[in-house]
Structures are given as C-alpha cells and as structure tokens.
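In what follows, chain A forms one complex with chain B and a second complex with chain C.
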Partner chain A sequence: MPDAPQTTYRPGQAHFFADLDQTPLLGAVDAPDETSAPTSLWKDAWLQMRSRPLFWVSAVLIVLVIMVAVFPQLFSRTDPSFCDLSRSVGDPRAGHWFGFDFQGCDVYARVIYGARASVSVGVLTTIGVTILGVLIGSAAGYYGKWFDIVLSRVTDIFFAVPLLLAAILVMSVFSTHRTVVLVAIVLAVFGWPQIARITRGAVLSVKNNEFVTAAQSLGISKPGILMRHIIPNAMAPVIATATVSLGVFIVAEATLSFLGVGLPASVVSWGGDISRAQSVIRTAPQLLLYPGGALGLTVLSFIMMGDVVRDALDPKARTR
Partner chain B sequence: MTTNTTENTVSTAAPLLEVKDLEVAFKTQQGEVKAVRGVDLTVYPGQSVAIVGESGSGKSTTAHAVINLLPGTGKITGGSIKFDGRELVGAGAKDIIDLRGKEIGLVPQDPMSNLNPVWRIGFQIKEALTANGVDTKQRRQKLTDALVEIETTPSGDDLYLGHEGKKALITALGNAGVDEAAVAAADKALQVGSTTRAQAAGILESAGLKDAEAVAAEHVTGASATDRVAGLLAEAGLGDAERRARQYPHEFSGGMRQRALIAMGLAARPKLLIADEPTSALDVTVQKKILDHLEGLTSELGTAVLFITHDLGLAAERAEHLVVMYKGKVVESGPSRQILKAPQHPYTQRLVAAAPSLTSRRIQSAHAAGIETDELLASHADSGAQKRGDNVVEVKNLTKVFRIRGSRPGTGTDFTAVDDISFGLPRGTTLALVGESGSGKSTAANMVLGLLQPTAGVVEFDGQDITKLRGRKAFQFRRRIQPVFQNPYGSLDPMFSIYRTVEEPLRIHRVGDAKAREKRVRELLDMVALPASMMRRFPNELSGGQRQRIAIARALALNPEVIVLDEAVSALDVLVQAQVLTLLNDLQAELGLSYLFITHDLAVVRQIADKVCVMQNGKIVEQGPTDQIFDTPSQDYTRELLAAIPGASLEIGPEVPAV
Partner chain C sequence: MAWYAARRLLQMIPVFIGATLLIYAMVFLLPADPIAALGGDRGLPPAVADQLRAQYHLNQPFIVQYGFYLKGLLTGNLGTSFTQRPVADMLAQAFPTTLKLASMTLVIEAVAGIGVGLWAGIRKGGIFDATFLVISLILIAVPIFVIGFAGQVLFGVKLGWVPPTVGANVNFKTLLLPAFVLATASFAYILRLTRTTVVENRNADHVRTATAKGLKPGRVISVHVLRNSLIPVVTYLGTDVGALLGGAVVTEGIFNIPGVGNLLFTAIKRHEAPTIVSVTVFLVMVYLISNLIVDLLYAVLDPRIRYA
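Entry: the complex of A and B
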C-alpha cells in the first residue's frame, strides 16, 4: 500500500511498506529453532550415508565378509585342509560347488576359510596404522617447531620406502613364526606415513580455531586440548582414508603370501591359494578366479565404503 | 550514452532496471525453498539504490538473479526483470553473458577470494575488457578510421588517451609556449587510458591552448588495452597505476584489491554497477575512502549503483532510494531520508533503532542538543553503581615483539606488534580497545588473557603480575578472566554438544558434582536467554548470534571478574548485534563484570564503552572517557576513525523512532 505522495517520486519508487499481515515479524530476534531434532556430525553423516545405495551394497558385502571370517563353519562344512590328490583339479559337483584345486582340496571351503586370514590382516594393520599415524601426525601438527620438523622428515623417509618392498625384505628375514599378527605388524610399521600426513594436516587446520584458544584460556593442558578438542575434530579424513587403506592392506597380505613370504602354506589364505593356482593357470584358470574374485570383492566393498564415509564426513558437504 | 541524471530530468527517464514480483527458489533436500518472494525494485539511470537486510533476507539473491548468477540450485521461478527495456527472465544464456560486465558490472563482496592469485592484476582487468569486446587496440583503430571521415562530430566520449597521445599532447603544449606550471597541471590531469577526447580538449583549453579541440582530436585516438588498464586502476584510486597493473593480487592489501575489483566492474563502462557488500571485509577507514571514491566515480560516469548491505546507516548515506528486505520479501521501500525519519514497517523500525552507526549519530546529535543520552546507550546506565575506582586490570608498558622469519636463516626481522602500551580497566566498567586490523589490539588482548608472554612490561590483575604466574596459580587465575572471540563459527567445538561446551569449564576446574554442574549449565543458558532444551544440540544447528551467546555462557561459567570480548559482535547482523550488546550490558549490571572490548567498529564502542583506547601500529595514540574521545578527539587518527562511521552526513535527531 503506497503512501500518499508528499514529495515527487519517480514511478515505482514511492514510499511503500508491506502489509504486516503478509510480512509478520517471525518471533523475537534470533530466536532458537526448537522444532528440529538435534543432530551431530555423526548423525548427519549417518543420515547422508543411508540415502546412498552404494553404502548399502558395500555394507551388506562387508557384513557378509566379516561373518565369513568369524564363523566360516556356518558357510562350509568341508575341512579346507582335507585334500585328496585323486580329486586334483576336479570339476564342481554337489557339495563342492567350486570344484577342487591341484592338491585336491575343496576350493569353496578354502575361499571361505581364507577370508579370516585376509580380513584379520586388513583390520589389524588398519588399526595399527591408524594408531601410529594419528599419534605421530597429531604430535607433529600440534606441537610444531622442531618436533614437527623431525617427525615430518621421519614420515617422509618411511613414505619413500615402498610398502611392499620393505615388507618383502622384512618378512623374508622371518622364515618361521609367520603369523597373521606378524604380517599385520610389518605392514603397519611401513604403512603409517599416509595417515600421519593426513592427521598432521587436519590438526594444523583445527588448531587455529578459536575454540582451541578458548580451551587454553580455561587452563586445559596442551595434551588435554589435543585429546579433547583437536583429535576428535581431525578424525573425519583419517577415518575415510583408513577405510580405503583396509582394502589395500588385504591386497598387500595376498601379495606377500603369493610371493611366498607372507603366511605359511599351513594357513589357509587367499594370497596363498592365488599363488598356488599360478602353476595351473592354463589348464584350470577357475582356481585363480575364485580366491581372486573373493579378494577383489572384499577390497572393493571396503573401498566403496571408504568413499561413502569420506563424502559423508566431508565438512564442505555439510550444510546448515 | 548515459549522462548524469539531475533532479529535474527525473520523471521523464525510463527505469534502467525494473524488477517486478521476482521469485527465486532453491532446491534442497527438504524440497523447494523460496529465497525471494515477490520482490519489486526500480533503479533509474545514474541513481543509487540500496537493498538492506540481514543475512538470509534474500538481498544478495535478488541482485544475483538480475545477472543470472544464482548459486547452486537457485532458479528464478516467477516475475520479471527488465533491464533497459529488455526482459531478462527467460532470456538466453548468451544474451545475459553479453550483458554482464558490458552493461551490468559487479563488485563482489570478498576482495580476498575474487582475484585469481596466479595472474597479474593488469591481466585480469584486461580480461574484463576483452571479454566485453571493448578497447582492444584493433577495435580502437577501426573506430578511429571511421571517425576520420566524420571528424566534425564533436563526440569523443568513446575515445581514450593513449600514452603516445599523451606525450604528443604535452609536446604540443610546450610548443605552444604554455608556461611550465600549466603544463605540469595538464600532465597530472591527463590520465592515460581514462581521459576521453572531450575531457582532454577541456584540459588543454584550461591550460591555455587555443585550438584545443583540434589538437585533442588529432592525438586522442584511442588507448591500447594496457593503457586502459592503467587508466581504470587510476580511476579506482590506485596511485602509480602502471606499476600496480604488473603486480600480483598477493602484493595488494584488501583495500587495494577491492579497488582493482571496482576497476574491473567499471571496465566496460556499464550502466549499472551491483556492489555486493563492497566494503564489509575492509577496515573502517579504508571502507569510507573506497565508498567515497566509488560514489564520485559512478556519479562522474553516470553509472547507476545497486548497493547490497546490512548496514542501514551506510545504505542511507550512499543511496537515495532504499529497499528493505526481510525473509525474502520487501517490507519497506522509499526515499532514504523518509525511511530513516519515519520507518513504517516494524522491521524497518527495529533496524533504524538498532543500527550502531545510526545510534552513534543519534548520541552525537543528542550531545549537540545537550540532552542526556543514557537511554540511547547499551551500557553506562547503571555501571556507575559498581565503580569502585580501582583498576581490576592494569597494563604497564606492555610490549610484544615477534620475530619474522626472513628468506634465509639469520635474516629475520623484528616486528613490534604491541609497542609500550599502558592502560587500566576500572572494575565494573567497559574499556574499548579500538584500532584497525594490524594495530596490535588482539595481541594486547591475548597478553591480558595470559595466553601470550609479553616481551616487556607487566599485566597486573588485581595487583598481581600475571606474566609471572606458574602452575597451580596460573590455573586458578584462568577462572577470573575469560574470553569471547569473534568468529561464531570457530569459537565452539563442533564435536561438543552445547551442554558439554558450557559444562567444560566447570569440569576442568572441578566445580561441583554432575548434578550441580547441570543445574549451573541451565542457569547459564537462562542468563544468555536460551532455552535449556538447547543443551542437547550441537553448534552447527545454531545461528551466529546464538553461538555467540553460548560462547558468553561458557565464559561466564566460572564467575569471572573480567571478560575479554575480542570483536565479539563484529560478525553479527545489526539486530543480533544489538541484542548481544544489550545482553552484555545486562550481565555487567547484574554480575558486576568488567569488559575489555576489542573492536574496529567505533559505532559500537559508543554504545557500550565507558573508556576508549585508540590503537595504531601497536601504540595507543589516544585514550580517555568515551564521550571525550567522541566529542573532542585530539588525534587526527581518531578523527579519521570517527569520520569513517557510516551516516556522518545524515541528519538524525536524538530520538529513537517508536518501535
């Protein structure tokens, strides 16, 4: 409703004010919105993830792989180490869906039982790498100065050493006692630099926030601030990277076993089976296909999960 | 060619920009959200119009819709936008791209991120010229060739002086026997790449040259792109423009970058310039200089300006017509003066009452009229009762020197951030530390907080030197002084719920048991006027003002005596700012708090502070009671800061419009 013109207005520029009914002042200044449900970073991430098919596909696969790794007997009643040479490279038949390998062992049973070694190496190595990487990376990023210089250079040195080459060298020193734990430790010792670098970067960007200064002025000690405020805020990229690298470590274990420096032949593992299938690759390629396929599917599902997690935890993707 | 519109030609001119019933919607996960709902807006040639509103009011969205630069999923869903008689809604992408830069220029908000750091300034401006197909040497040549035939045409508006042309003109002046002073003056006035033929003729004539027009026509034959770039930068107020054009953005300060962006926005001589919060990222004194310059330049070129701002004072000072937006709608529009004097819509009334620049002006006119101003102030009112005369914080000869690393080891230089400052904070009052960025005010605050060791000098808290406190005593001292910081988005840990955030100080200092702490958190939230139900929420769900209130609650948790407010309200919208200031004042009256208020905004200082220290380059240049500093400033720098408060030219009475 235009005002009665007092001065000369140009057309369309008269003093106008909106009807209050149409433009009510919505409550008090800056009133808090109490209607929406409380959310947090993790809840938001979950809401975002669950709307993505990729998440469900990889989640189902990962749950399946972990079930197989923990309870292989639920999936196969055949003993994977019961081998009968008379069945060498035998065709699939009822109860032995994938046929038999060169030694006459049941391929299906070996694929099922092999999951445990692969998944345990993957999970243990990832845990080790994350602990080492977060400790070293956050210390370097938070304390800075010479501490950072020394730790960053050490990280660079380890980064320069190829993971597999170093693992092959170290593993070949151990001819006995090659266990899942040993393989995981060796991989973790050479695999942490990536996580350390990511953690350092994340810590550097978090530590300049004003809530860190606020915590300082509360009198919280430096390690206290690091543990309470900085590391939790720096974890998102670390978790995303760790999920992806889990797949990489499973591949590394398989490679080591394939090369004969990983787990011993007495331990059923995908890598070992792939290695043994090599000699009959022309006559019986399916022997390579089954453990290789299982390995590929497992790694793929972890990498897909890593992608989804990274997207969901990406601060730039978070709105509101 | 648009020329200056004067008052009497007004009613006949057709609108340059006519926005009718504009609707803009964004697609989100929750469905379509309408950001702009039925906005009407008219801009006449050469006129300046301002859209005023808080963040989220749709003011930027409206402006961006005009040049079809809506971010993300934004879409115009209705209404019409007419520019110079052409309909833009539904126009092809190519037509709108043609329009951008050439007819509608844009000066963006953040000068820091709007220049490409890998290209020289000159290159980027040249890009703006070539992208709009103007003023490349070839085109100029073609135009001059055409002009030779119609040389009698007096219009030289489209031709700029090249640097060879300038040399020739100066020589011509010398040959004609003009005296040296006049030649020097002409040399200064003739700006390569900016002076047009007609202007050159005028300059030559005033220098005393007889056949000025003919000489100008002979030598002002168009400028090369490089010359134009230099001319544009000089127009935007950058001295030594040719050298500046060869520099990179990182060599420029924020103000210089904004000038470069203005040069770019005006490069193709658009008819309309959209200035989206053009100065809100800059220091106050720079802000004023740039706005003054922009105003002069656009009125000279006859460019219409559409300002987008949250500051009503600034808008009223710079624009003749105001459009006030709230929640995507225009709630009031009209001539600036009328809106300031008699705001009709309650939202506008709130804005007029709250804008610090206007309040500051009101206090000034009240003082001039000899009226008591207590009701205009957020503070002062009852702080007198708490004054016990003693200083709770006493800073003596405080100095902080930072070592700046050089390019090689051992080549570092010392930088004195805080240079021998002394001040006292009387108990129960507010002391404002005012200065521009880099003046050392935040460094001083951090030393008072005990977060930074001073190089020299002492900080006494209640008579105790805090720089010497260690261990247990240093920890105990933390309870007595607490900070609130500027950035509402960075001062709360995003992983902590509001409850944990406010409870943390109590937990760290082992105050009470879990139950007592929860009671205290409820009490604190109540103090900052937030419902207890906020406890379970996380900072990302809160607005900037709410986060700042949480930060105040956290600071209050341990019952401190002093709160250091480091630009605590600078990032907030005016209404929210006024609300937080009132809250701070109430808390001061209730709890007897002392505030050390750090800010660059003198308008806010006037409302809250009892005493003011003005800092420049690490030194305190002037200090005294607020009224004294504002009414009789003794330093030029203080005067400059005061003049930079927007709205100085407005006539505002002391009375607050009824709300």
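Entry: the complex of A and C
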C-alpha cells in the first residue's frame, strides 16, 4: 500500500487508500476507515494543543512556577526572612543577584519564596470557584423551573458585587488569622458567578442530547445523569475559563496584599513586597520590578495557557 | 423596546434588594460590634456608644436594621457616617472626580483599542498584529499597581512630564497619567476583541459583496466591517463603565485621587460601616444601570436584535 497523502489529521477519520491497480478507472478510492477508533474531545484537543508553540512556552513556565512554589529551597539557599539593616537597599553581589530590599532582606530569595503564596491562593481559589460554580450552575441549568429562577438571581446578586471590593470588605474584618486559606475562601465565595453562568449555559446545551434521553430511559436517577453524563460533557468551557481565572485570582491576592488587607507581612508574598517597595520607589525602583516581574510572568503563563486551552476545546473558534 | 426596558427594570429589583442585603450583612454582621471597634483601645464612653447604637438601630435584630436601612434608601436617604456626615454629601464630592477619570479612561481605551484592533485585524498575521498581540498579553498580565508605580516613577518623577500625584488639584493634566494607567488592561481586552471580530467579519459574505460592487475600501471597513464588529466591544465597554465609575481603588490610591474608590477604601480602613454600605450600594446601582443601557444599545448597533 503506498503512503497515504495525509496532509491534515482528521480525528476519527483515518483514511483508507486502496491500491492503484485495484481501481484502474478512478486511480484511488478515498473512504473513511470505519474501523478507526473515534477520537474524544479531549484527545482531539491535546493533538491540537501540542502543535502550538504557545502551549509549550506556557507549559514550561507553569511547571517552573509550580516547582518554585513547591520546592523553593532548590532555587535559593538564602533565608528570605533573614534581614540585615546594614545592607538596606544594597547593590547586587555574589550570591545575592537581585540585591537587597529596604529591610536588608535578599530580594532574589524573597521573589523565589513569594511564589508559594501566590500559586497556592490561585490554585485553591480556582478549585473553590469551580466546585461552587459547577454545582450551582449545573443545578440551575439541569433542574430548570423555579430552581433556575432562584439560582440565576442569586448568581446575578453575587455578580453585581465587585469581587475585589467584596474581598477588601471581608478581609478588613479579619485583622488576625489572615492566611492563604482564608484569602482563597473569601475570593472563592465572591468569584464563582462567572463559572456558574458558563456551566449553566453549557448544561442547557448538553441536556437535550440523545444520550441523556437514553440514560433517562435506562432508569438512571436525575443526580446520576447530571454527575455522570451531563457535567463531564459540559466541562470544556469551564476548564478554559478556570485556567484564565487562576491568573486573575493571583492578581487579586497580590492586590489585597498590596492594599494591606491580604496576607500579613510575616508571609513572604509578591503583593506584600511590592507594597513595601512603594516607600523607596524613587531611589530603588528595582525593588518593585523583581516581584512585579515575577508576578506578571506567572499570570501571563496562566493566561496564555487559558487561551490555548480555549482554542483547543472550542472547535468553532479554531477555524479562524 | 420600552416594554423590554420596563421588564429589565423590574428584574433588577430582586437583584438590587439581594445585593444590598448581602453588602449590609457583610458590613454589619461580620464584625462583632462596629461601634466598639470605633473607639479603638480606649473604647467609647458608654453613653456615646449607646446613642450611636440607637441611631443605627444596632440594638435591634439584624433584619429590622436592614429594614430601616432599605426604608431610608427608598426615600433617598443614604444615611450618615459615624462622624455624622451625610454619605450623600461625601459621594457628591467624590463622584465628579471619578466621573472625569472614568470618561478620560473610557475615551483612551476605546479609541486606542478599537483603532489598533481594527488595524491588526485587517493586517492579520503581519508584524503590527503580532507585536500588539504580545503587548496586549503583557498588559493583561502585569497588575495595575505595578504599571501605576512604573508610570509614576518614569513619567512623574524621572521625566517630569506630568505631576506624579493628583491630590487636591483635579484637572485634565493631572488625571492624564492615571487615566492611561487605568486604561491599559481594558485597552488590551478591547484590542483583542476588536481584532477577533474584525478577522471574522472581514471574510463575511456581505463584506465580499460590498467590495465586489465597487465600494471604496475605507467605506467597506468603516461601515460594513467595523459596525458589525462593535457589538462585543460595546458589551465590554458597558461592563467597564460600571467598573470605572465604581472608582478604581488601586489607581486612585497610588495617585492620591479624591474619588469614590478612595472614599470607599478610607471608609473600610476606618470601619465606617454606614459609609461603606451606602457607597457600595451606589456602585452596584451604577453597574446594573450601565448593563441595562448596553443591552438597549444592542438594538441600535444590530437591527437584527428585536426586543419583544
């Protein structure tokens, strides 16, 4: 059999080419190979993603940031909270590449150790909003009727209150016990409406499919259908949005810490360091740029990844 | 259309009541006693504390307190702060500043975003397109306070083009830098939105027809491509108006602008519960109304959309 001229990969349609001599008149017969396995949405998305350089750039950055967040001691041997006022705003020297901040702490070590707070708030909040949003959105979309009316209004109410404002309000009440988990909970409680709206829309478009009717006729309970058949098929837009919002929540945490209502000074965080760089910004702007740059790069990698994931999971957008 | 607007206004009522209840509960329910926190370490004299409690109905059940607040709100009374200043006065003082800043920001982000997005969409895949796609990603990723500080140091201190902070003299020149800083992220979003829809519309049938019947390229772009591409952009601008009028807490803080965002943040720091509630409720109202206006604008931009 000669090599098939496969220029583009069509999922689920591996083509069969007959030998030339079997079909003298036509030259070749091109027909879908019925025996090829159907490609799932996820495999298709993966094949589409891995061909894009942007995916690999953001994936490498995200893996790097997560490595730094989990094992900061691999990247810096300096203690970020060991500060010596005699080297306040000191210039870079061997072993201290980024110099020292106002308190005389090593800036490089603080940038490295600051990753943990940002990444954990981002990840925890995203998990929180996804659980809340998917539960509320899918219940509203699937059960419909008054359930939908009530839940959609509740979503509207939370949507109308600005995220950052609500977070500042609640965080300012907790003057003690400000921890990563508390910040994540507060952000999640006010951040879920977007995911809920998207889930509701996706569930509405999925729930009238034949396989749902088939599952109903097999006697599967309503929650069973929702959990096993509808939610898995409605997850694609949710995952794309959640990836982007991970970056958004990292910025929100940094903003809270910057305003002095986020993580306390005892926790090494980029937002807090940027806030403290404020006082010496005219003489030492580099103190702003290192944590600011690290924060920007982290958020950028999640936003780029979200873009790639959305393109891969949304075939309509892909044709452009 | 009027019918649709009326129905939307009716739908806003439960959302408005729910949002005010949520905000009221967050402010008055969460801290154990807002009055006790007022006095600091020494505490208020019991007589003063009792009088304040009575004035704000804090000695009554929560739902009764909220009822009194809602009643005041419906009669146009936004309440008074713990320092006995009417909240409406404070808002009236701060809002014009925020309005100026918001309108400047809106003009900058809309003109620059639509302009650059249109050009990038027409020349898709070119060097201009690629450059601005990268720039827009960076502008979205870098938090506003980093951009704000960098701009303040560069243009305000090092180059001295504009005053680094605003303070009491609010005018076009002092607000220019804050407006640009505030516009950066939205500029990037508008650019990307415009570019995507322009690319989509550029190959649409009606555009090909317009070109084929011999219209000048400028007219094809401005009438047939741009007008159809503006619908998602207008949606975005509408939500952004709501956010901008809410006062940019961070930007107003960095540049020391006496706007709504600053008023709110100061009130939060001082635990001024009545001020916080009323200003936030005002913001929610602005947000809901700007959303309604956007929905009504759709019909102007896209005649296919009919409101029944």
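Basically, the second predicted complex is superposed on the first by the 278 of 320 C-alpha atoms of A that agree within 3 Å, B and C clash if a C-alpha of one lies under 4 Å from a C-alpha of the other, contacts with A are read in each partner's own complex, and residues count from 1 in each chain.
Rule of thumb we're sticking to: contacts are C-beta pairs under 8 Å (C-beta built on N, C-alpha and C of every residue); 3 or more make two chains touch, one makes a residue touch a chain.
As the structure is a computational prediction, the values presented were derived from the model and not from experiment.
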First (chain B), second (chain C), both or neither touched by A:Ile274: second
Which superposed partner A:Phe100 touches (first chain B, second chain C, both, neither): neither
Partner chain(s) touched by A:His229 [first = chain B, second = chain C, both, neither]: first
Which of chain B and chain C A:Phe249 touches, first, second, both or neither: neither
Contacts of A:Tyr142 with chain B and chain C, given as first, second, both or neither: neither
Touching partner for A:Ser172 - first (chain B), second (chain C), both, neither: second
Touched partner set for A:Leu300, first chain B, second chain C, both or neither: second
On chain A, positions contacted by chain B and by chain C: 320
Chain B - residues contacting chain A, complex: 10-11, 13, 15, 18, 28, 40, 42, 44, 321, 326-327, 329-335, 338-339, 344-348, 350, 449-451, 474-475, 478-479, 481-483, 485-487, 490-497, 504-505, 508-509, 530-531, 533-534, 536-538, 540-543, 545-546, 551, 554, 575-576, 578-579
Complex interface listing, chain C residues touching chain A: 14-15, 18-19, 22-23, 26-27, 30-31, 137-138, 140-146, 149-150, 152-153, 157, 196, 199-200, 243, 246, 249-250, 253, 264-265, 268-269, 271, 276, 280, 283-284, 287-288
In the complex with chain C, residue positions of chain A that touch it: 153-154, 156-158, 160-162, 164-166, 168-170, 172-173, 247, 251, 254-255, 258-259, 261, 274, 277-278, 281-282, 285, 288-289, 292, 295-297, 299-300, 303-304, 320
For the chain A and chain B complex, residues of the former touching the latter: 3, 7-18, 20, 22-23, 25-26, 29-30, 32-34, 36, 38-41, 44, 209-211, 213-220, 229, 232-233, 318-320
